[in-house]
Amino acid sequence: MTAILVGESVSKHFGGLKAVDRVDFHLDDGEILGLIGPNGAGKTTLFSVAAGSIPPTAGRVLLDGRQVSGKSAHRSVHLGICRTHQIVRPFARLTVLDNVLVGHHYGRPANVPGGDPHRVAREILDFIGLADRAGRLPGELTLAGRKRLEVARALATGPRVLLLDEVVAGLNPVESARLLDLIREIRGRGISIIMIEHVMHAVMSLSDRVVVLDLGRKIAEGTPSEVATDPVVIEAYLGRDEDDVQRQPGGAEEQQRA
Amino acid sequence: MTSPERALSSGAGVRVRLPVWLPGRILVAFAAGVALLWAAPLVLPVGEYTHNVVGLTFMFMAAALAWNWLGGYVGQISFGHAAMFGAGGFVAARLMLTLGLPFWVAWLAGGLVAGCYALLWGHPTLRLRGPYFSIATIGVGEATRLVATYWSGFTGGSSGLSLPLGGGPTKFQLYWYGLYLLAVAVGLSYWLRKSRIGLALFAIKEDVEAAGDLGVDATRYQDVVLFLSGTMVGVCGGFYASYQTFIDPQDMFSFDRSISFILMAVIGGIGTILGAAAGAIVFVVIQEFLLANYSQLYLGLYGTLLVLIILFEPLGLTGLLIRVRKLFGYRPRPDIAAGGLKSAAVGVDARGSTADQGVAPVEQSAPGERGSA
Amino acid sequence: MNDIPRRARIGRLSALVAVATLVAVACAPSQSNREQEGSAAVPDKIVIGSTLPLTGAESKAGGRMKQGYELAVELENKDGGVDVGGKKVRVELKLLDDTTDQAKAVNLAQRLITQDKVNFFLGTYSTALVEAQSTVAEQSKIPYVNGGGAATSIYRKGYTWIFGTLAPVENLATTEMEWIHQQQAAGKLAKPAKVAILWENTSHGEDFRKGVQDFAKAHAADYKTVVDESFPLDGKDFSAVLSKVRGAKVDLFMVDAHLPDFITMHRQYLSTKMCHQVITYGARGSEADAREALGQDGVSYILSAVWWNKQLGSKGLNKEFVDAFKAKHDADPEWYQATSYEAARALLTAVSKAGSVDKQKVRDALSVLDIESILPGSKLSFPQDKGGQASYPFVVQQNLPDGSSPIIHPSEVATGEGVTPNPGCKS
Amino acid sequence: MAEALTLAVSAVLLAGFYAAMAYGLGLIYGVLRIVNLAHGGIIMAGAYLTWQLFTRFHVDPYLAIPVVLVVFFLVGVTIYYCLVRFLPRGPAGAVQSLLLLFGVWLIIRNLAYLLFTGNDQAIRTTYSTSSVSILGASYSLNRLLVFGISLVALIALHLFLTRTYSGKAIRAAGQNLESCTLVGINVERVYVLTFGLGTALAGLAGLLASTLFAFNPSFGAGELLKSFVIIVLGGLGSVVGIASGAVVLASAEVFSIYAVPSYLTSAVGFVLLVVVLVLRPGGLFGQKVLR
């Protein structure tokens, strides 16, 4: 198997805080890679760097050998890598369909053929299971619905690599089970996936491989079963609680936007 | 799809495929409207004064629409559009005075200069959002006004510039040029709103980062919109110069001028096409009415209007219209009701997939209620 | 539709705009029938249009101008109206409020002229508004007399329908300089004298500055301009400019400012213990508001020049005017009422001299008008070489510690003796 | 050299007034994250109230301070309860608040026109033009007083925000809303308090202005814009920042006389504003929130 996405000693510092610290990772073609770690491990930050939302302090991320890090988010999307948000952020005053159309119109890499946007968008909604909601506002959907919408929008950009940030978090068992099947099907469509998850059974059941971050460093990597038994990982999870650490990267990002 | 020009030039009989976002009926209605307004003064017995004021109103409508592209579509409230209005006006006036260029060339040139000036300060400041951007625009506007007033070499300083009388078109003729200005503005507005670009702009307005994560190049689109907006407002400035035949920096660049654009758009319904235009009409009518009668009350009236609109009907006249139509059983698509845009999805509805249209309970949500600190 | 690159769309869009513009330029029906001939037949009523800033920043001045216009019309109507070719015609004044706003001043003039078809026009107040409004009058070829626009820029445009009773602000400066020159000749002032000119950045200020500088240049041996700064309206802190003046050790402190800036600046001037042989703020200083805001000591010995002063009102026309005004408002008129009164009177006189309400005839009458006047020099005419702007000396006043402000120049109307150098300065 | 020193001192004195002018705007922004466009109107109203108290009841402007503070605190509370309260929170709300409060400003201005006409008013006390001499140069007593009062206000505000419960609540609300509600702070009350306080401070600025300048109903526009510049220079919503921002602006204006024609000195501030916004959105002194 060839690696489609490669991270070379990626680092992201906010002031003194090393949110991500020299992390190497790779994602093989058609693979589902689980990315886990306690709060403040720097998972989301790593996503943001990989998706080009924020530039890395050092290191780089390559998609098929082409650099995607340090560019603006929209460029990365056009190169075929798309991320979803932990807290869903749909365009509240656009219909579900229009939400998807945004991704389809503007996210597609130049080489991906368009076809009739509405048909494509409908297909995606069918596939994701929101077809009957096409004309509604995101606000009228359930949380599960909005999470699906988040994924649908990302799919509409015709990505080759999909970065899913806690898509099943907050869903009831039934809903999350459905969503996990969905993710498998997505992989079935030849899209490689990295997923951040706190819901362990989800990661363990779905991932081919798992990377564990703690305090910005990669502390373990391997098959679900391997990492699950890795003492370092267990220590990291039970050892400390860094809720406060979690705050700062967020805070720092806030400032950057402001 | 075929180009708008062809679409326009297609006479009766000729079949032309129009873009999804441009239904034939809209095009026809548009053409008809322009034609009617074009012919109106030739047949109707309107007083010359009214005639002229209507011409001026056309220009204000165009300007309000142009402001709306930035303020309404992208959600960047500019308190500094007077800077472009003035720039356009003075460049145009200068070109007419010193080079004796034909007025419309001068207008376009003025507009382009204004557009470029807008880009000059806009490109960096558009990274800011919400109040930050608004504050920046206030700074730009005021700084521009002061410099312009001081730069008597170009603007004639405090004594302004007077155009040679009888040079350009008369106020009477300007009616039609105002109409063309408006037509262009409406056309652009429709394009910016209903074509896919509209989708991108709205996405940017709703959540700039999320838009970026879906591949929307926010910077580029905001720049394009600001440039168009600045250019259009600049051309309006040129028109104004020709209309008044005397312009002076204190008036052209005044803060109140910037405000008037905002008022028009907000009164009519920020982010809507007909709204902004209607707002301009209301604005002018109010002024014309109060002018003769209660001139000492007009400030307060605008103030009250602003307050009421923001509190009770953030969509302004458009919102009111929606409410009224609801009384008569009209069920707007939820996104319209929420002040969203009825975009490419029009095409879908046309394709008969309107099953879910409007069944949802429509709660009138103020634009951006979703926003969280 | 979706495979067309965005650039192409934008390109096509610009094409569309271009096409639209070309079409636009192609056709615009030209002026339709406009009845331009002011029918020579004598009507039974003459309507005079006018706008004034009755609200907004200039409301105070506007209100005073209104009194002047109205008084003149009233007196004219007392004996049945203006005599047009032997027929007495009543005069009606149609006066609207332009709220100190250029665009409104223009639009209202438009309305009065094209819609209400007024016969003649009396101008608004403050240079900026008159400047904008006069273009309308010129375009629609209607006699336009104003008592509120002083800037020469208004009259330098080669307009032929615009007349003004306010002498240029240059004269204000010149008249003051004349008096100063006399004092200097009498050895009371430094020679050569170092001059500081501070002027508000408006046409008013520009003209003042020009007046002082021209005079100083003309007498290069006697005057040296060492500070020449403009300042924006409604400044909050003048310490920078003032310290420049202090640094330059000047003798003549020549400022042109409107009331709020005068008060703010002079307070700083006093509280930083500055003092000069001659202090003037142009037209400011003699008004009650100034004394109110700065105190008697604050304004003492300040030189001010105005277009008219009631102290001129002892004889002839002046007496008539002042008495009539007192009778009506039981208050003393100020220069605002005087210049506006004269503007209206000049227009009406021109009408009866023309013996017709024909606009062209009246304009001609105005251009050759030369009448007795209440203004200094007691003659009023609108010399064509001055573009229709009346020109006469100002009256220079000086505030004295006893609260009086006698006219000290020109000597023929002087009611008191000027004091210089400023006794207020110790050491 | 001596001249430069004199200028420096007058710059600092001016900064005093500027800071007083900006506190209110900064406080409200820091907590509610809305820009109070009615600020200029309140300053104007403050000046008129002081003037009325002085002319009708012969209350010395500086003795009127408590009255003005109380009155405008209530005004602020009213504005909040009747209007601002209904705005949606967050960015969209921020934009709407701009328009809403601008409307309020227009109304206040119009009221002032109706009540007091457009004439310029000024307050002259026995000491209006008296002066104090420092290092050889003499300075306006009024300006010194204004500076002193502004300083006191700064310290008082600082103590209030750091020492009292309500003050800490305000700062908390300014920093992190969620956790506020978590620890059971009544956010609504905090907002009312803040808005009232901010308005009261604006009223105080009006009072101070009335002792220095002549004013009319359109007074306040310039003050509003300068307050913007200041809170942006100082980092939106930081009290100490505001003071520093005021000093920067005042010095820039006073000393720019050497660089640009004195007419353009006020433009300097606005250029500064845009540049800082773009280069250092956090303000010259970093983004400190009410600390």
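Quick notes on this structure:
First chain written, first letter: the chains are A, B, C and D, and each begins at residue 1.
Definition applied: a residue touches a chain if its C-beta (ideal position, glycine included) is under 8 Å from a C-beta of that chain, and two chains touch if they have at least 3 such contacts.
From a predicted model like this one, the values you see are computed outputs, not experimental measurements.
Farthest from chain D in terms of Cα centroid separation is A.
Measuring from the average of all protein CA coordinates, the nearest chain centre is that of B. In whole angstrom, the spacing between the mean C-alpha positions of chain A and chain D is 46. Mean C-alpha positions place chain A and chain B at a centre distance of 40 Å. Rounded to whole angstrom units, the spacing between the C-alpha centres of chain B and chain C is 38. Each of residues 105, 117, 258 in chain A touches at least two other chains. Annotation for chain C: residues 2, 55, 201, 232 touch two or more other chains.
Within chain D, contacts with two or more other chains are made by residues 113, 261, 263, 266, 281.
Listing the residues of chain D that touch chain B in their complex gives 29, 33-35, 83, 86-96, 98-100, 102-107, 109-111, 113-114, 177, 221, 225, 228-229, 232, 236, 261, 263-264, 266-267, 270-271, 273-274, 277-278, 281. Looking at the complex, you find that chain C touches chain B at residues 1-2, 4, 6, 9-10, 12-13, 15-17, 19-21, 23-25, 27-32, 34, 54-55, 96-99, 102-104, 106-108, 110-111, 114-115, 127-128, 131-132, 134-135, 138-139, 151, 153, 157, 201-203, 205-206, 232. Against chain D, the residues of chain C that register as touching in their complex are 55-60, 100, 201, 229-232, 234-237, 239-241, 243-244, 246-247, 259-260, 263-264, 267-268, 270-273, 289, 292-295, 297-298.
In the complex of the two chains, the chain B residues touching chain C come out as 1, 3-5, 8, 19-20, 41-42, 47-50, 52-53, 56, 102, 104, 108, 146, 149-150, 157-160, 162, 165-166, 169-173, 175-177, 180-181, 183-184, 187-188, 191, 195-197, 224, 244-246, 248, 250-251, 287-288, 291-292, 295-296, 298. On chain D, the positions that touch chain C within their shared complex are 3, 6-7, 10-11, 14, 17, 113, 117-120, 122-124, 128-131, 133, 137-143, 212-216, 218-219, 222, 250, 253-255, 257, 261-263, 265-266.
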